[in-house]
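See the structures that follow.
You will see subunit A twice below: alongside subunit B first, and alongside subunit C after that.
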Partner chain A sequence: MSSHDSRYFSSHKKGEIAEWRQDLKRNDRDLLKTTVKRIIAAMTVGKDVCSLFPDVINCMQTEDIELKKLIYLYSINYARSNPDLAILAVNTFVKDSQDPNPLIRALAVRTMGCIRVDRIVEYLCDPLHLALRDSDPYVRKTAAICVAKLYSINRELVIDRGFLQQLNGLLLDDNPMVMANSIAALVEIQKGSCAQIIDSSLLSRVFTSLEACTEWGKVTILDCLAAYESTSATEAEHILESILPKLQHANYAVVLACIRVILSKLHQVQHLRESLLQRIVPPLITMLNAEPEIQYVALTSISEIMDAFVFPFLHSYKAFFCKYNDPSYVKHEKLNILVKITNENNVGDILLELKEYSGEVDIEFARKAIRSIGICALSVPEYSQGCVSALMCIIDTKVNYAVQEALVVLKDIFRCYPDRYESVISRLCQSLVSLDEPEAKKSFIWILGEYADRIENVIDLLRTFIDGVDDEPVVVQLQLLTSTVKLFLKRPSEESKSLVQQMLMFATHESEHPDLRDRAYVYWRLLSHGGDKVASVVTSHMPAPQCNPSS
Partner chain B sequence: MGRTSVASPICSSIHILSSNCQLLLSRDWRGEVPSECLKRLIQDLANNLENSVSAPIVADSQSDLRLMFVPHNDLIIACVAASSADIGTVFTFLHRLVGIFCAYFESFMEESVRDNFVIIYELLDEVVDNGYPQLTEPAVLGEFIKIRAHRLEAPSLPSAATNTISWRKNGIFYKKNEVFLDVIERCSLLVDGNGKETHSQLTGTLTVRSQLSGLPVCQLSLNERATRKAFDSSPSGHGFLEDMTFHPCVDLATFRMKHLLCFTPPDGKFDLMTYRTLHPAKPLININATMSSTNSSRIEYAVSLSTLFKEQNIASNIQVEIPVSPDTTSPEIQCSCGTVVYDPEKDALLWTLRNIKGKREFKLQAKLCVPSTGIVTQSPGMTPVRVTFEIPYNTASGLQVKYLKVVEKDGYSALPWVRYITRSNGYEFRFRK
Partner chain C sequence: MSSAPAPPVRVGHALSGIFVINLRGDVLLMRAYREDIERHVLDAFRTQILNPRDDGFATEAPVRRIGSVTYMMKRSRDVYVVGIARGQGERGGPGDANLMLGFTFLGHVVRLCNQYFGACDENAIRGNFVLMYELLDEICDDGYPQITAGETLKTYITQKGSKLEGAIGKEAMERSAAEDQRRAMEAAKQVTSAVQWRREGLSYKKNEVYLDIVESVNLMMSAEGTVLRANVQGSIYMRTFLSGMPNLSVGLNDRLGETTRVTSRGEDAETSAARDRRLIDLDDLQFHQCVRLDKFSAEKVIEFTPPDGEFELVKYRVSDNITLPFKLMPVVKELGRTRLAVTVNLRSLYGPTTVANEIKVRIPVPKLTARATINVSGGKAKYVPEEGCLRWKIKKCAGHEEYQLDAEVLLANTLEDHKPWVQPPINIAFHVPMFTASGLRVRFLEVKEASNYDVVRWVRYLCQSGGSSSSSYEIRCA
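And now, the complex of A and B:
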């Protein structure tokens, strides 16, 4: 069933505004409604229908609630650009705020609060006082929010006219929605502090509210509890006991807010820490079956909690394996978590998964998976052999981007575990495809320089790079310079000497990059000094790279 | 998680956009979003979508505002909020909003936004006030915001709009009182190239459709195995339900004390409870798929499907999707049961079987030609073989309903109906190495 409002969007011809103005003046209820709908449709698609303001406002006094809602909607949008004319609407608002139908009373108060025109605000105060005391909870809950609106326009007025006290009174309202909105309004007025809502003496009342409140109100209350500094460990324990059942709420926002409370009180209840952390894991893992956006929220939350505590999640690591059809932002988050959760017990399973991901169609993701293998190798030294074999398998596939990424990763592994995996270098050199990424080139050239004495055709390999040196980015040129000098020191020969000279000439005469030139001069001077000292400076071991899973 | 400010409004404005990022409808509550900022955010969103960056959050480069969105059919439902707004609440709310629109309009699409813009404005007005979520129960909203184009009487406010039991209105009457309970379990499984289960999970939902008069209280008792874990807070507890969540109508205190679900149901259909287990006993269906190429232009697939569930059960509507290289030609297919078609759109063979019993095995063999000029950009076989199926009258977890009782003060007798079904939800098998 649909109401076919789309017809209101059509038939935009010239002079329609004048035509609408005429139609608004006629005393035909159906025509009036159609015209206002057309005007709202025009407003929706971004046309300026501001000039009709006085005419539309004139029709405000109507019994038809649908029409009234539309005109109110219109006035919210255009009152600010017509502050003088907006005053015309005040009478109707004030009258409507005393209508026998609570829907209309609430509508009037709600709309007046949305019209952020200073001059109207004065007229809002009296109706708002009445609305806050209204017999119908629907009006009261609307009025509670309206106090916050008023406060953002004119705070002195709210304080002078005693609205804050009235709002505080509503905290005791027996209606859940009124209560929830009063809390939200008070928190907003106090700029996110909840000092007046929660203190030790009020706690039991807060717990009653938490039970009675709407689901969205629960989120607000729980957030207040999370920000509340409990005075003692017993009190913290008491709070936690009262909120724990909310972990099983069907609304994810409530569950997440509940988890925030638990985390905020954790430092006060050291003896319960482990069991509490165990309690928050199942609901978070459950969220991994929800809509992808919710999964994303759960994953980022888990990731953040893991920075402090990994252990509660350790036995659930399989929950973070990627599904084939997960959206890529979910996959990336899962990968971040897999890297954090890797330890010597699960590294085997995780590595198999990472290897699988390295062949995914999503190239960014595949690259990240390959980088993750490297991080595993650095963080679990016992399993670095497994990681190196996995990387070699990837290199054997000869898929261009995968090989280049694996190369960068292998370089770090070589640096971290010197003299352990150099046996793979010859296999590496055989599988190389054309390198076109600076980072990969740099890594490969580094490997060539570092292991110049073990790679047979190193001179030929380096020469191909040197021949095209002037097209390379500076990072590659710098590495090429260093590696050529290393080559000369490790395999002094006529050939390597001529390569060094070629490189030094290029860097000092052709290049305009100061870093490159300076570095070349340093090497030149060192080399012209000669002796063993040079080798100890140039070929000394670099410090092992730091393993930083989050990067 | 570690935010310092608390309880900010969840949104400044809500926007409905078409899939190509054309603004269809906006509602701004707080006036915090300058129009140039909104333009920037929408432009960034469009760029992201074009570059297939799918992250659901777009941050503004020049302010503290963020756009968060949920795609639905050909629409994007977005909200703009300050960065202090909690994304968990925002996304939960956006999904709820989509749910409300879906309940109102049979299909919520670009077309229906244009057709119903007046109602959408009305709904947004009730659902959010000043950036705080208000009434989000479609059933109750439906009481006073109606789709009817011509409404003669002024609508009055239903008492349920602000009741403590906000999910049920007064004075519901049915001639025949019935309550239907569906226990639906969804299994997911991933088996790697060595035939090892890498991940398996089971989620379940108890969906209730209630057609009951008055204000009834229902009591539902589940078998012991199911409820044990819920009370055993130690992580080593061997109960099999890892996590349970309940509809707000369930009295959690009674559940804790008596292991009994007591609730006054909303009228109509709702999810009473959802649960999850990490380790369902065994895979229900196993697939062994291998791929070999005799020469560069010919690939052979061999797939065997075995049903591992009890012999007396029957799985129905089984479909196996076997991914093949793109642009394959002249498939030669043989299978022991069911029908196979080659779907060039999906680059897959679709093997369909109507009904199969437990403890059986079925085989399929296929030979395909691939263009030998093909450049191997991607090592083939990365996409797993996927199977979908359902097994009626059975729960994979072993959860069972002991009884479902309806108590109402008028003392009518109500008929409870319980059904069980297990469905696949991502059953994937990688090709064997």
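And now, the complex of A and C:
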């Protein structure tokens, strides 16, 4: 198989350009084709074969479609860098645009539009006018797109020569593909905006084309319908009626475009809202059985729709459970959605899944799953007990990163539901392995300070941290300072007093971090005043963390 | 429900170009559809995406944005087919790329490669680059996809793929210029007609229709045997060899179609209730472009004029009342630090007259496995170190049978910290011919054509799993 065209890549020897030039002059059709293929191969690998331009152009006048296509391909690539030479090709292009064969007429118009040389543009106008009026729809549909190309090269010309009117005229063309391409060209001319291309008088025609044009044309038309602002609720309803069958199309781009139309018209048809939203769910879920790239796009779209409407998806939450072999980007998106969809009815099932994921080999994913358990606990208070038990199970596995992640999450839960789950703290302290992540250390030290009066060996635990305080990042040092002060306030003793002193000395004398030093001075001053006021400042409750699943 | 703001309407930008790059970063070919991309767009891709700085999992996502350029990467074997779109807009804003359009289009490119030269990989693309250029030129104009239906393209694509070269190539060579001309006129006419997917004037001596219902079962089951999630992704594939412009209609035993038909015929309640029990609830249906969607939505009849040859008529999804073909009960026990006992019990749940074949069970074992002693009551099993699993194959399995695998797995003794092992799920792949997990059946297949010829019809069923990346039949172990 590889021997087919790849032979053109081989045999790059010196003087080949001269040799090709000779070959191009012979009158042998097969040799010509082979040579042009060789030249294109050289072009693909980045060789400069531009010097052959005149010789290749000379062969352009041929009856053979295959050869002609090859030469056109070559000329698209080099015409721009050789405007003077490109003029040589113009005559052939113009001649080809009047060829009896519609495929060649279309090819000529299409290629001329791709050669973006200002001087050629002038010559393009007449053939393009003809092509837009061609009897063959294949030529007209190509010409429609060509107007957009011309517009990007020279917009004044398009306006002066009346191409826009002609293009607008094609919107009424009987052929659905011509119409779809004209719409595409107008969208292009409006810099990608689909607004104001369709008006109410055109609607019925648009619906007819929508049935008959290609799948890609459907996408363009649907996008314009989404941008179209319907004048009344009845009209919006009518549009929706006509496009709803497209939800069943095999091309997912069509389906998604159809969903965009539905979403854009929702505000006008309040009474149909629920049923419409229910209808968009099954096709979206079906996309989750397609290849992974499609799944990814479907998931991001679902996620976006969910920010506005979660309820239609509630029944389908199981569709977002991760398969073991899903690619990691699919798993991450699914997890985002699971967090958004969690409510009091499904939290049990989802929690079991999250627990399952927490043991995955993909560490980043496992961590995200553990964080998600925390979000569930905050967003569904009725089930926070279940979440805490799940987190404790994870801590019992003693898998290092999982334990640390769970610890961070638990801290938030403690903050959110004070005085409810402290019973697990002693178990927590027992199962801890070595912590090496700042965020986890910080959380653990916070817990130690907050619950100093309930943890028996809190002084020993804190001391180990304080002994190594030098090497800690500043976030940990700050937390350590606060927690030590809390310890002293909650369990005043000689031991805790000496710990506080050690910490304060470190912060004010050894550390060079201004935040740490300032905080230490504040504590120092407060403590030296003594009394209850210190406690009311230092041990007051932090506000509960805000739960925001989308972040 | 309060009225939340509508999500943004994402309207797409056209593709600026497409390129194919291998995993080493060599560009195999590139076709720019628009002015707005230059060579540096490729360089950015190579340096920032192919050799990403370490920024975690995000690098794997198939969509990447660098500045205003969006790259859509579709992996196919050892190459990436990459679509480039340029948008001035924010992510998800009105100027953003239409990702779904991009990926479905790239999917079509890969499909066409497979159709024309049998594969979409580095070798095949290097070997057929001229054809690739011609294809890319025809299927997209200025970034707007045009005609991608394979059958139609064949009428006017001049290059022959290495796969097709044999017979067709010769025929093409012998064609005269005049003949070429005539064909071209026809092609242009067909391409823009309302039935773009079918040529006129086809003629077969023997008119035949093949209809295959192929179902992929997706299952996720807990170790206790609870079904966490099960669905069937089914397809109806057709192969048609029919003369002229036939009109086909297909009837299924789905609830949607049946209720409309019954009420219109006015059957009495009893028979329709009896029938009701065997009706299938389809969650979703997606049709090939030849199916008249308006007709389906009004009358629930699948009616169409088929393309010639092979195509996928319908994709459907079912998630209720699924008959699972197999049940599997795993028991994994840790016997001390270096020994595992694995017992897996497999039962077939379909009727006794049905026979499944090529059943493959993959049972993952720890990486440190040194060897395994396996006993099976049927089929063959062995430890496959490179996949880290025990592989158990059963050639044929009739309905209501039961097989068991008992294995003792010995782990290498290392000084490493002994972490508890989290067992990945067990996977089963299988083929069960003449069985559908959803229970879907073809009720009728009618062919109507002006000349009223006789048609031979073939209908087959297949239920499978593990065939593609998106179908899996997995049973969790812990």
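By our rule, the second predicted complex is superposed on the first by the 530 of 551 C-alpha atoms of A that agree within 3 Å, B and C clash if a C-alpha of one lies under 4 Å from a C-alpha of the other, contacts with A are read in each partner's own complex, and residues count from 1 in each chain.
Just so it is clear, a residue touches a chain if its C-beta (ideal position, glycine included) is under 8 Å from a C-beta of that chain, and two chains touch if they have at least 3 such contacts.
Predicted model, so just to flag it, every value in this text is computed and none were measured.
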item	value
Fit-or-clash call for subunit B and subunit C when the two complexes are aligned on subunit A	clash
Partner chain(s) touched by A:215 [first = subunit B, second = subunit C, both, neither]	both
Contacts of A:309 with subunit B and subunit C, given as first, second, both or neither	second
Contacts of A:202 with subunit B and subunit C, given as first, second, both or neither	neither
Contacts of A:275 with subunit B and subunit C, given as first, second, both or neither	first
Intersection of subunit A interface sets (partners subunit B, subunit C)	1-6, 8-9, 37, 40-41, 44, 63-66, 69-70, 73, 101-103, 110, 113, 116, 136-138, 141-142, 145, 148-149, 152, 175-178, 181, 184, 188, 192-194, 212, 214-216, 219-220, 223, 226-227, 245, 248-253, 255-257, 260, 263, 282-283, 285-286, 289, 291-294, 296-297, 300-301, 304-305, 318-319, 321, 323-325, 327-329, 349, 353, 356, 359-361, 397, 399
Subunit A to subunit C touching residues, read off their complex	1-6, 8-9, 37, 40-41, 44, 63-66, 69-70, 73, 100-104, 106, 110, 113, 116, 136-139, 141-142, 145, 148-149, 152, 175-178, 181, 184, 188, 192-194, 211-212, 214-216, 219-220, 223, 226-227, 244-246, 248-253, 255-257, 260, 263-264, 266-267, 270, 273-274, 282-283, 285-286, 289-298, 300-301, 304-305, 307-309, 311, 318-319, 321, 323-325, 327-329, 332, 349, 353, 356, 359-362, 364-365, 397-399
Subunit A-facing residues of subunit C, complex	1, 3-14, 28-29, 34-35, 56-58, 60-63, 72-75, 87, 92, 94-95, 98-101, 103-107, 117-119, 123-124, 126-131, 133-134, 137, 141-142, 144-149, 156, 158-159, 161-163, 165, 177, 180-181, 184-185, 187-189, 191-192, 194, 196, 216, 218, 220, 228-229, 231, 233, 283-289, 293-294, 296-297, 312, 315, 317, 419-420, 422, 424-425, 427, 469-472, 474, 476, 478
Footprint of subunit A on subunit B - complex, ascending	1-9, 23-26, 29-31, 52-56, 68, 70, 84, 86-89, 91-95, 105-106, 111-112, 114-119, 121-122, 125, 129-130, 132-136, 144, 147-149, 151, 154-157, 161-162, 164, 166, 188, 190, 192-194, 198-199, 201, 203, 233-235, 242-248, 252-253, 256, 271, 274, 276, 278, 377-379, 382-384, 386, 426, 428, 430
Interface residues, subunit A side, partner subunit B - complex	1-6, 8-9, 37, 40-41, 44, 46, 63-66, 69-70, 73, 101-103, 110, 113-114, 116, 136-138, 141-142, 145-146, 148-149, 152, 175-178, 181, 183-184, 187-188, 191-194, 212, 214-216, 219-220, 223-224, 226-227, 245, 248-253, 255-257, 259-260, 263, 275, 278-279, 282-283, 285-286, 289, 291-294, 296-297, 300-301, 304-305, 316, 318-319, 321, 323-325, 327-329, 349, 352-353, 356, 359-361, 397, 399
